[in-house]
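Everything on this sheet refers to the single structure shown next.
Chain nomenclature is as follows: A, B, C and D, assigned in order of appearance, with residue numbering initiated at 1 for each chain independently.
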Amino acid sequence: MLVPRVWSSVRPGVSKVLSRTLGGWPSGEGRRMDLSGIYPPVTTPFTATAEVDYGKLQENLHKLGTFPFRGFVVQGSNGEFPFLTSSERLEVVSRARQALPKDKLLLAGSGCESTQATVEMTVSMAHVGADAAMVVTPCYYRGRMSSAALVHHYTKVADLSPIPVVLYSVPANTGLDLPVDAVVTLSQHPNIVGIKDSGGDVTRIGLIVHKTRSQDFQVLAGSAGFLLASYAVGAVGGVCALANVLGAQVCQLERLCLTGQWEDAQKLQHRLIEPNTAGLKRDNKSEIFRHPRWKKAFF
Amino acid sequence: MLVPRVWSSVRPGVSKVLSRTLGGWPSGEGRRMDLSGIYPPVTTPFTATAEVDYGKLQENLHKLGTFPFRGFVVQGSNGEFPFLTSSERLEVVSRARQALPKDKLLLAGSGCESTQATVEMTVSMAHVGADAAMVVTPCYYRGRMSSAALVHHYTKVADLSPIPVVLYSVPANTGLDLPVDAVVTLSQHPNIVGIKDSGGDVTRIGLIVHKTRSQDFQVLAGSAGFLLASYAVGAVGGVCALANVLGAQVCQLERLCLTGQWEDAQKLQHRLIEPNTAGLKRDNKSEIFRHPRWKKAFF
Amino acid sequence: MLVPRVWSSVRPGVSKVLSRTLGGWPSGEGRRMDLSGIYPPVTTPFTATAEVDYGKLQENLHKLGTFPFRGFVVQGSNGEFPFLTSSERLEVVSRARQALPKDKLLLAGSGCESTQATVEMTVSMAHVGADAAMVVTPCYYRGRMSSAALVHHYTKVADLSPIPVVLYSVPANTGLDLPVDAVVTLSQHPNIVGIKDSGGDVTRIGLIVHKTRSQDFQVLAGSAGFLLASYAVGAVGGVCALANVLGAQVCQLERLCLTGQWEDAQKLQHRLIEPNTAGLKRDNKSEIFRHPRWKKAFF
Amino acid sequence: MLVPRVWSSVRPGVSKVLSRTLGGWPSGEGRRMDLSGIYPPVTTPFTATAEVDYGKLQENLHKLGTFPFRGFVVQGSNGEFPFLTSSERLEVVSRARQALPKDKLLLAGSGCESTQATVEMTVSMAHVGADAAMVVTPCYYRGRMSSAALVHHYTKVADLSPIPVVLYSVPANTGLDLPVDAVVTLSQHPNIVGIKDSGGDVTRIGLIVHKTRSQDFQVLAGSAGFLLASYAVGAVGGVCALANVLGAQVCQLERLCLTGQWEDAQKLQHRLIEPNTAGLKRDNKSEIFRHPRWKKAFF
């Protein structure tokens, strides 16, 4: 942990963090967190009255805890973070931390549209137990999200975050790709440790691995669909929705890749693409009505 | 006003509104609000420390109050609503209502990603003085935003909103167009009075006007760039960012269209496209650094 | 006609045209052609054996000849030019010219991917009777089609064409919009008289009219769907597929716009959008099997 | 070779081919061609007067002949086929065949917009020596190119082609992806032996390999940028523009993949992405002016 987790309150704390930050992330110290491995992006369960079902969340995490995952992502796209209030977002992180063994990494999605809100959410999530913050690109003003704007945003967040930051690019939802040149610039920040890339462009993933090789920057594939290919070009793991339902198989694919059993890996990868795609198709069909929060809405 | 503005609290109030709603929006009564005219989408001014500058907001509104606008939009895309907290969003509406004469309509952007949050924001904005709610399409899960999903979302919001609802489609920001069939379905809801369409597709605008003609549904153009063309196909007004800086000219264009002086209207429209486009280009160049909230971020 | 139509052969002729060209399109002389009015983009009929049905073409043109069109477009997107051989393309132009009264303009689509082929096709089409050449943007290498590249292409074609050139932008088919700055530059060429714009962006159409106003450059709307709006911002006519089936109504809409009867125009425009859209939808459903050439293919 | 290459003339010949075809591609016989390996997509050189430079073509092929390529693609996107006349397209194939050793496969791009023209070009290219035809998706009417339409198109071409057909999907140029379900259907045709996929979506490539595994259908990656990843998911080779300039390295990458030396393969792949990307960037900057045919155009 780079700065104390105890944080009397967000706003007062910031100047302290900043002074420490400007004092400097000690060279070579910032990049300690090893992200290698598989993470299920945990869904947020809801009750019939559309409240967050914390009991069910705990139960799900216990079940998932039996697989050799490196950790868990909460509040990713799969966790439907845009539907939660700020306090619910923090509560989910807090409960997840309590339910998980200490050796499992907890990556918490803390991205908001504004830099300020993202910093506040990140600091608060650190306070309640997140090990790292996964920060999605802001996107409502996507026409203005140049590399310079995005570098500015992430630099501020990383400067002020007490925990390491993982960049998160998911063009299917945001309509924008975090540009490679911005990723390369940001990889030099001592408090930015990697990227979750959900775009599926393996040329881009290879290029990012290559151009950040001197930074010990880590790339996580954003789906089981291109996990093998991502390992082949240098990714260190994946955040895979499919791991929520086929955890053993996704971890097995990881093992085959890490031990160089590429033929078996290929066969297993092939078998996993269809369920992955089928799952996405089913979601598209059922539309948002699969979301209890939407389904029940207000009733 | 369709239901009492006094609202003891959101959640308890809902069932009452709902029972009134289900009891029925009295036929022929719901669609009373006349939206015809020009609205500047008011920007949210910030102080050097990135706080909302309510004094400056009031000053701006007083200046804008000298033009013959029908009313004002607050918390639209131009008002940078995604950068504000919930309480700031409400405070801006409240202050704007106090600063404005009673005969000026106050349209408040109340859209959030979730249906529940949108309902709560809409109810609260009504409580602090909004005359109508302008509700942007949710967009993070755009791949799932089918017509059915969007009709579901807007119907819930309109059912529970104490003030009329204006649909808001702005594909440049959201990456999705509210489909025409969804607009036609929603136009039949007694508490949905119109749409602000910022896409610039005048064939679509004409088709919406035509297919909702029996519903007394009103269309507002979302930019001065296609205001004349929109009037030509049946729009009743416009929400025009350009009206913040060239208020007299945009109102003059309205008058020329309404009085059938199409030749003069064309000349004026032509003169307004370039400043409009230039303004957008300048924004694109300066990127997000024109936003005090972003520029200053946290400092 | 700017240069003699008699053309001993394409290649030898070019240097002559060029010397005339470089000698100069006499100032003020080049822009004589008045494009104002409505044009049906004529379909290319096929026999059951997938040959071009010239008899049916003549018959269609005679039927269409009873409407007060300004002229006819052959070999546009609606004429399925990509499916015809070079000799068929010329034969269609030749037969159309013979079937049409002298006072009807014949606009022939002569665009090819390469500049050289476009020049040759344009010269040949002039030779067999086209009054003007409508030149679609090349598009296979759309990633490289910068404004500079497109200005280069069209300038060459216009330099060497014995007949006036009409630019043709149809992003639904080509995946690229001829940029406004390129249009403005090209509007200064003495042998480029206008543009057919099928994109439906009326802000863009207004801007083009405005920025080329000193050039007597003429804009034609590419669809009946936005014909009224285009007239409202300064277009002089339209190339409307709908005019093939509802010729009287489209010409009536033109008359209402030209005589300033905007209310009636609006009503008529509204009634024409749905058939227009319905037609497009039907095409999409039936797919390419409505094309005899494709349906029958080779048999 | 499935049918005699000697072809008295295209049209009369077709019924013969057809009768043979309908008589049937002997089961298990059609899929003999082994595509495994690396292919440079040969550029078409031009003289200063924009004629095809056949001498330079021959020279280039001799140079490229020193690398252990499986064969050569002529008339792909890199060969600028849209800029050539039909007779030039055939002449290039003919000259290439003469310049190449018999054991090198010659894949010739024979795609045209219409089915009929594609069949004629394919038959003619077979006649002058192509070993297989690489057929790009038609794209001008991309809005109508449903799976059904594309299956219809390719089935006709494959039915009538005397040589095996390779599907070719290149969305950057055509604006459309050949849908996976269409590829799977077409993989069952006895005269369709594979696909060159240039889209770079490795999940899709893996899915195609998996869903066509019972058909002995072969996938070639369309770029060196994702060659390693494609091998990892089951591709058998690649058509790589980079092989024109770094032939030894691309063949070395192939060898490393085939022999399971994935670590070295990864390092080499990384080193090849930047030159590949840089090449594309340079092309984008120089625009079409790098093309002699365009630069010189008609002079």
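We adopt the following convention: a residue touches a chain if its C-beta (ideal position, glycine included) is under 8 Å from a C-beta of that chain, and two chains touch if they have at least 3 such contacts.
These numbers come from a predicted model, not from an experiment.
Distance between Cα centroids is largest for the pairing of chain A with C. Averaged Cα coordinates give chain A a centre that lies 52 Å from the centre of chain C. Chain centres here are Cα means. That of chain B falls 39 Å from that of chain C.
If you average the CA atoms of chain C and of chain D, the two centres end up 34 Å from each other. Those residues of chain A in touch with two or more other chains do not exist in this structure. Taken pairwise by the contact criterion, the protein chains form one closed cycle in which every chain touches exactly two others. Touching chain pairs in this entry, ordered by label, are A-B, A-D, B-C, C-D.
Within the complex formed with chain A, the residues of chain B that make contact are 14, 50, 77, 82-85, 113-117, 119, 138-146, 148-149, 152-153, 156, 160, 172-175, 283-284, 287-289, 293-294, 297-299.
Taken in their complex, chain C has these residues touching chain B: 200-203, 206-207, 209-211, 213, 223, 225-226, 228-230, 232-234, 260, 262, 265-266, 269-271, 273-274, 276-277.
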